[in-house]
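Chain nomenclature is as follows: A, B, C, D and E, assigned in order of appearance, with residue numbering initiated at 1 for each chain independently.
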Amino acid sequence: MAELILFPASIRSELPFGFWLHLAIFAIGIIAILLTSVIIFIWFERRLVGRFQLRKGPNRAGPFGILQSVADVIKILTKEDIIPSRADKFLFWLAPVIAFSPVVVMLAVVPVAGGALLADLDIGILFIIAMSSITSLGIFTGGWASYNKYSLLSSMRVVSQLVSYEIPLILSLVGVVMLTGSLSLDEMVNAQNVPFILLQPTGFFIFFIASLAEISRSPFDLLEADSELVAGYNIEYSGMKFATFYLTEYCEAIVLSTLTATLFLGGWQGPWLPPLVWLLLKITLVFSIIVWIRATLPRLRIDQVMGFAWKFLLPLAVLNILLTGSFVAFWPEAPSWMIGIANLVLLIGYILFRSRFFKPGGVTVGAS
Amino acid sequence: MAHSTDSVFINLGPVHPSTHGVFRMRAHIDGEVITDIEPVFGYLHRGIEKLAEGKSYRQVIPLTDRLDYVASMNNNLAYCMAVEKLAGIEVPERAVYIRVIMAELQRIISHLLGIGSFFNDMGTFFTPFFYMFIQKEKITDLLEMVSGQRLLFNYMRFGGVSHDLPDPFLPALSQFLREMPAEIDKYERLLKENEIVLARSRNVGVLSREMAINSSISGPVLRASGVNWDIRKADPYSCYDRFDFDVPTGSNGDCYDRYRVRIEELRQSLRILEQAVSKLPKGKVINPVPLRFKPPVGEAYSHIEGNKGELGFYIVSDGSDKPYRMHVRAPSLLNLSALREMLIGWKLADAIIIFGSIDICLGEVDR
Amino acid sequence: MEVRIEPCYPEIDAHESRVIEDLKSSSTQPIAEPSGWLDEEINRNILVTTVDKLLNWGRKTSLWTETSFTACCTFEFISTSSSRFDIARFGMEVLRSSPRHSDLIVTAGTLTWKMAPQIKRVYDQMAEPKWVIAMGACGISGGIFADSYSVVPGYNRILPVDVYIPGCPPRPEALLAGIEKLRKKIEQSSISNKS
Amino acid sequence: MTIKLSREIINHSLHEHVSSTDYSFESEAVVTDSASLVKICEVLKSAPGIELDYLSSVTAVDYPDYFEVVYLFYSIKHNHSLTLKVRCPDKQQPDIPSITPLYNGANYQEREIYDLFGISFVSHPKLRRIFLWEGYPGHPLRKDYGIGS
Amino acid sequence: MLSEFGLTALFIVIVLGFSVSLVLIPVALRKPGIVPHNPSDIKSAPYECGLDTIGPTWVQFKIRYYFYALLLITLDVVIIFIYPWAVELHNLGASGFWPVVSFLAIVGTGYVYAWRKGALEWK
């Protein structure tokens, strides 16, 4: 019954212009769901960070402050938007669009209850990886076009960080692809009778940390490291263009939580509750871990961030590929707990081995 | 101004989120590394020393509150001791003990704020800052109980203190002393062995022992470089020689050592407070001095161990009821004289951390 | 240890001092408050349409402050935004460091003539619906330093101020009351009469 | 206790390098003129038993008939202190040799005295105003400067 | 299968249109006066902590950014080869495993060379 309501994939063929109907329903549906969930998650994060700091978050606007983000949207929608005189006007306007749209598009292939949200691409993972690399382009265009020293320096750093963390992000998914034997996300979710986090702990470890760096959240938030370069790349943006960058950051956080939930925590599968509720629960769990890390950990310096990606995560990702590959190639019918244990041993062994080089504080992280 | 093609001239200006107020640095940056830096002062220069020459001795006390607005008890103490030394005024025993209690409570507040903003610059998004702020609010309640003000107290007078301790003060203080050590251990658990804190602050912004002494640096920054120089031990004033406490010193003078020295000093202040509360004598709290009193002609310099360093007042009197000249030895300004040696060669992110670890207060730098 | 000579830029210093000099000579009279919202009759007949209500509610509820704090009142503002007098309940704990994103300047501290051009430039660069709270006696009239040679006697010489909060430093409750008064003022403003 | 250096010790350590006419003793301070200031500082900094290696503060006072610059030195190792005063009688063109090459800590303090008093320090690496802006008329801390802004 | 790709392409167009309209809403709201709009030359000057900027803003960059781009391209090529192999590994069995290991070893030597030469340091 759930399939019929959520995924009238069957209606696509019967109804005369079912294709267009399907497109209309789900395109508007994805954008609406994403925007409302962004508003809710902004409020959720401010309340959660408030609880971490032993204070109440926003609770005056509406019951429990739920309308706080709505007020933010209304205010920033009607804020004057300033265009710097010596900025590169066209790129200045284009940057938020390039940064925001790929993040929304990534949701099209996320599987919910049996079928993908919009289009069940059989190369789902490659599509997501391609889209996730366009956002850094938009951020750099914004930084360069606004003719400001701070934003230029900050966007240079941001691009190097995003570029460096894409490689471990992509390589960490190869293990998952090997275990499922297909690129489509739907297959991956169905293949997860045992959630991949147990089978692929290294993959999850690298994916989660690399995605933290992709959305430039706490230990790696060079993006708007306001203690260093004032407000990062979006200094000159005000009003709706700044809000679009702000939206991009939160949409990326939600999309990457969805990916972590889908690829490693078993997507929409779950015993009692309907599938959509399971997916939302897992997304909220991953998002609150991200907020928890943001509220506690200090920020790493740019050269440590880069060193961490190139010298720590990349070798670990290659080792993970070799280990999982050898299992799948030589011993396909190995029991799943055996694969999981081997992976865990690899992860812990690698960390202990490498940490001999990084004595606490003796040698800075990243410099071997 | 010929500068190489790709070195950018940038200024971390007065309106900057992490410069602890209105401090400005003009920096030449080559890629990520700072090649040269020039601090610019004066954005909070209110001319306190000129104003003091127009006010009577008693009216200058509220002015000294606003010098280092996080350590107003210590400023009052140093100024009153200088005038008492000039005019030879005796301070009753109980007032001496009360003054030590207030000075140590103020030192705890100032160190908590210094450590909190140090971790804010490191990017922990206010969480340790707000945890330390809860303890600061408890001390602020204690000081408000005594002086009626939350930040700038105007509490000390020549010859003692303005009011005696109200009844609920001592039980509240001993309650605070009971729970504070556990709080300090809580900060330590999060921050002491934190891998990122170590990576960001170990061996960063090293200040050598000779450069520290030569640049007349004082306070936790000097002690972090391994120099065992604390006015409370070297030249004990009021009744510090009756308490036993030790002076924490660092080993290699980097940001991490400055943070460690400040955390240890919190614990030493608690030790002093416990001993002061246990030995608090009875008696009157002030030898009253006439409102418009005229000290004898002459000059006097007296210094105390403020929370940023050696805080000294040099007062010259020409016999009238207004000070002829009042000079404030501002530890924050002098702690910055080695700033260039500490910053050049480091990255921008380190420069913000190193500047935060010196922990200056702009009211004292610009006076 | 040889001490490196500090670089000095004579022409930048000269340019900045010219800017300070002519700002000091030009701002001798306090700038009038943006809208005479204090006298009730004018305000009663402003037709606050439903669009205004929605906009004013949005702008009132999400005020983002600009981190341009100068002196002692900074620590009273921080204790207001800390766990005890939590300003985050009003959604104001977002401290934006760029004037483009923020719409409220809380002038926490004494303003000196050397700092005045910077604050004026930051105010000019803020996006349009913007408000100013003059916090503390130094913000209102120069306070204890009013007769000093280098202190601006009150922020209203430089910026049009909306709400004055007396006190040196004002208690967190006074700051929250001042913010409440500013929110009332935003409620009554309307697009039509460009207040 | 930080003890003040007694006169015999100062005389003993200074007599080879500086003739005793250049400096005299007041209540507890050594008074000298601008000519032999740097010489005395060098000697005291390196004298074996004294080693005043810590310059605590430099300040100036505008007396009716002369400017007086007061230096306060400590020795961290021996824990004793010395107050050195330099008087320059002509108040139109006051200039004193700078000791920044010797003590890096004197850099900003001398610039502050130049800014607020107008006493120019010879051979100071960067003698410019520190608190007030460049074009500021006059020097505020002088007695003849009115309080009004 | 083609309709899936058609759906995605149309969805991308819709999202682009949506985000462009999102950015242009304030411009539309300027006329009725909801969004205030009075630019001034100071307001549109670059913000630098309350001071006007000195020196050029668009300066050349360090050469080291170029190393990162090179390393990224080499490793992207590696990924393009590894993904299809990863999908089919369970059919290929042992014979498919060793060629890729040698391929990774070759790329690995290039990576270690870059590491030793310090291309990965961020000056």
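The criterion applied here is as follows: contacts are C-beta pairs under 8 Å (C-beta built on N, C-alpha and C of every residue); 3 or more make two chains touch, one makes a residue touch a chain.
Here the structure is a predicted model, which is why all the values come from computation and not from measurement.
Enquirer: Just to be sure I understand the contacts, which chains border both chain E and chain A?
Expert: B, C
Enquirer: Just the number, please: Cα centre separation of chain C and chain E in whole Å.
Expert: Here the centre of chain E sits 39 Å away from the centre of chain C.
Enquirer: Report the inter-centroid distance (CA atoms only) between chain B and chain E in whole Å.
Expert: Roughly 47 Å separates the two chain centres.
Enquirer: Rounded to the nearest whole Å, what is the centre-to-centre distance of chain D and chain E, using the mean of the C-alpha atoms as each centre?
Expert: 60
Enquirer: I'd like the Å distance between the centres of chain A and chain D, where a centre is the mean of that chain's Cα atoms.
Expert: 62
Enquirer: Using the touch definition from the top, which residues of chain D touch two or more other chains?
Expert: In chain D, residues 104, 107, 131-133, 140, 145, 147 touch at least two other chains, as defined above.
Enquirer: Do you know which chain B residues sit against two or more other chains?
Expert: 1, 8, 10, 13-17, 32, 42, 45, 47, 50-51, 54, 130, 134, 211, 214
Enquirer: Send over the residues of chain C in touch with two or more other chains.
Expert: If we look for residues of chain C contacting two or more partner chains, we find 3, 6, 8, 16, 55, 68, 82-83, 97-98, 100, 114, 118-119, 122, 125, 128-129, 147-151.
Enquirer: Could you list each pair of chains that touch, in label order?
Expert: Every pair of chains in contact is listed here: A-B, A-C, A-E, B-C, B-D, B-E, C-D, C-E.
Enquirer: With touch defined as at the start, can you tell me which chain B residues reach chain D in the complex?
Expert: 41-42, 45, 47, 49-51, 53-54, 211, 213-217, 227, 229, 234-236, 301, 303, 310, 312, 314, 316, 324-325, 327, 329, 333-334, 336-338, 366-367
Enquirer: For the complex, give me every residue of chain E touching chain C.
Expert: So the residues of chain E in touch with chain C come to 32-38, 40, 42-43, 45, 47, 49-52, 54.
Enquirer: Where on chain C does chain E make contact in their complex?
Expert: Going by the criterion above, the answer is residues 12, 16, 51, 55, 68, 98-100, 117-119, 121-122, 124-125, 128-129, 191-192.
Enquirer: Which stretch or stretches of chain C touch chain A in the complex?
Expert: So the residues of chain C touching chain A come out as 54-55, 57-62, 82-83, 86, 88-91, 93, 96-98, 100-101, 103, 125, 127-129.
Enquirer: Of all residues in chain D, which touch chain C in the complex?
Expert: 100-101, 104, 107, 125-126, 128, 131-136, 140, 145, 147-149
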